[in-house]
Amino acid sequence: MDGAQTRKSFDEELQEMKQDILKMGSVVEEMLAGSVKALRDRDVALADEIIAKDDVVDEYNLTIEQHCLRLLALQQPMARDLRMIAAGLYIIKDVERMGDYALDIAKAAKKLAGMAPVKDLVKIPQMGRIVQRMLHDSLHAFVNHDVEAISEIAREDDEVDALYREVRDEMIALIEGDPKLALRAVELVLVARYLERIADHITNVGERIAYMETGQIRELH
Amino acid sequence: MVTGVPNSISVRDFNVWYGDLHALTNVSIEIPFRDITALIGPSGCGKSTFLRGINRMNDLIPSARSTGEIWIGDRNITAPGTDVVELRKDVGMVFQRPNPFPKSIFDNVAYGPRVHGTTDRSRLSAIVEGSLKRAAIWDEVKDVLHKSAFELSGGQQQRLCIARALAVEPQVMLMDEPASALDPISTLKIEELMHELKKDITIVIVTHNMQQAARVSSFTGFFLSGELIEFDESSVIFTRPHDKRTEDYVTGRFG
Amino acid sequence: MVKQRYIFALLGASTIFVVLPVIGVIYLLISRGLPALSWTFLTQPPTHMMKEGGILPAIVGTVYLTIGTAVFALPIGVLAAVYLSEYAKPGRFTRLIRLAIVNLAGVPSVVYGLFGLGLFVMLFRFGASILSGSLTLAILTLPVIITASEEALSAVPQSFREASLALGATKWQTTARVVLPNAISGIITGLILGVGRAAGETAPILFTVAAFYLRDLPRSIYDQAMALPYHLYVLSTQVPNAPPRIQWGTALVLLIIVLGMNLIAASVRTRFRRAKKW
């Protein structure tokens, strides 16, 4: 059934929207990887690069939102198309917040780079790797309409939550042992928190993708 | 079916042939009373044929033949011996092109009651006024009731036709693309009207305009090649239909 | 381009050929018959063996026959047209009826005369009378009225019928209240044209009503009457030395009546057409 021809220009616009969301997600992926690396390697230059990238993400957020609204007004989308555009509007919100958190991690990295390290960072980079994978999988699911990948994300989110609690407990113990470490330890807890929040937002994205495909709203948390 | 379903128009295995052409195949549906149901589908899918089955207007076509049952509440209107004239008093119809009679506005609306035996002038005046008010056109015509109906604009003529149909106090109103020949403002006025009317009347509307169906109806049925493919709440049909054919149609990707 | 002009010339010439005879006849009748027209001519009966006087009885007879034809032909014709247009189901019987009507239109008028003689004058024993003459002329006029009425009825848009039926009206109510009133102009036009033709017929009235000479005007429908077409025939063949002036005058009066009726029909049609908004 070659119905695709009857709404060719609309289909092209939908494709464009999807590509833009993908690009936005890729930038955030870079920000995420870069900020954790900057923290671990105490790389101020890298942190600055990451901080600059946040403007790009904000720009994408605005243009994609405008594009979606225009499509809603002008194309009268129904069913699947409508769900996709609605999902798109929510997803860019979540991705934009992820970008903000990555920005915060980069700022923390700059701060900590000027101070003596508290300990070897193990769990935070581990969290970083998992969250990166989650983000990558969610973008893949979005582009390929793959609902199966979503359930992986829910499991990984639980992992990240567990790791966050471990980091927090570790830092609390550290502060109790030597109060002078408090400033640096608290920054690290915050970084772990940012990563945990990013993971939450990725789960939101997963829920939206599932809705886009099936029309059902299912809580993943 | 032994008996109808209360508070709905129940259709069971309804088939219509025009000569050898099988226009409607085994349509079964339950249309709830006092609400608006839209019938959508591409040209030639049978939705108008189905609509005309409800007030037995298909009987007027010599080659038409039908099987199956249609119940309105607890009355089987497809039973042989049904008084079709009485039925059409109870089930009104509004057509695609406004078709007022070449008479005055008053006489147009009074036509139905007169034909059914009302002759008292004051009673007729009351009915005419009431119907024109219900059709949201009273204020525009109350001073010119004696004028020819043809002096009205297209949108006004269609509301006049609605008033004319309302004058015989129907329980059901069938609308066959009532706004397709009208400008957007008139269309919206008629949609507003439908919202008001549905408080007492069951409305079934056939429309090509999907946005109109989405705006106006609580339930929607999708027809294709003489079959009813899907029937559900409009919010479902237009956001997450179950059948792929329905989705292809509502998203405009019909091959 | 040249070809176009040839064709225009050809069409123009044909039109002139068609119109010429009509103009010729009218001119002839007016120039020869006008001198005969006078108040006396129109209001006095013939005198002196029809060599002098007027043609009043013939005029009166023609008028009565015209009215009589209309009275019989209109109801039957319109009802037949209503049946054919609104009620008849397509099939063998209906085709047979239509065939009969077409054939009726083709019957030579003298055959009508004999038919009328046999049925109305003799069998029904109406005798030669206005009644017999009107009935005979009515049958002759039926095809015209039926055809014109049917056409007028089918010109009424189907949407009116649908709207009426959808309101719960019966077929007859729809026909009487919506269809017929809107077909009236076509029906009346057909009536006037048909009756105008009947007014000029000679053969059908020959045996059924026409009298050579009557002293008094007819007083009932059972009386015989004089009629213009027959009177013209009589003057031209049965009256020796009839003044040509009177013959032309009679012909002129007949022509005026028939043409007059056609013009009325045409104006009725035009006026109703302008008033029609659909």
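As written, the chain order gives the labels A, B and C, with residue 1 at the start of each chain.
Just so it is clear, contacts are C-beta pairs under 8 Å (C-beta built on N, C-alpha and C of every residue); 3 or more make two chains touch, one makes a residue touch a chain.
Just so it is clear, the model here is predicted, and its values are computed rather than measured.
**Student:** Among line, ring, star, complete and other, which one matches the pattern of chain touches?
**Tutor:** line
**Student:** Select the chain at the greatest separation from subunit B, using centres from the mean of Cα atoms.
**Tutor:** Measuring from the centre of subunit B, the most distant chain centre belongs to A.
**Student:** Return the chain pair with more inter-chain C-beta contacts, choosing between A-B and B-C.
**Tutor:** Comparing A-B with B-C, the pair joined by more C-beta contacts is B-C.
**Student:** Relative to the centroid of every protein C-alpha atom displayed, which chain's own C-alpha centroid is closest?
**Tutor:** Located nearest the centre of all protein C-alpha atoms is chain B.
**Student:** Return the distance between the CA-based centres of subunit A and subunit C, expressed in whole Å.
**Tutor:** Distance between chain centres, rounded to whole Å: 95 Å.
**Student:** Which integer distance in Å separates the CA centroid of subunit A from that of subunit B?
**Tutor:** Once rounded, the distance between the two centres reads 52 Å.
**Student:** Please work out the Cα centroid separation of subunit B and subunit C, and write it as a whole number of Å.
**Tutor:** 48
**Student:** Among the residues of subunit B, which ones contact at least 2 other chains?
**Tutor:** Nothing qualifies.
**Student:** In subunit C, what residues contact two or more other chains?
**Tutor:** none
**Student:** Within the complex, which stretch of subunit B touches subunit C?
**Tutor:** Those residues of subunit B that touch subunit C are 55, 57, 60, 62, 85-89, 92-93, 95, 97, 99-102, 111-112, 115-116, 148, 150, 161, 164-165, 168.
**Student:** Would you tell me which residues of subunit C are touching subunit B in their complex?
**Tutor:** 89-90, 157, 159-160, 162-170, 173, 177-178, 182, 276-278
**Student:** Quick check on the complex: what are the subunit A residues that touch subunit B?
**Tutor:** Against subunit B, the touching part of subunit A is residues 1-4, 6-7, 10, 76-83, 214-216.
**Student:** Inside the complex, what are the residues of subunit B that reach subunit A?
**Tutor:** Contacts found on subunit B: 210-211, 214, 238-241, 247-248, 250-255.
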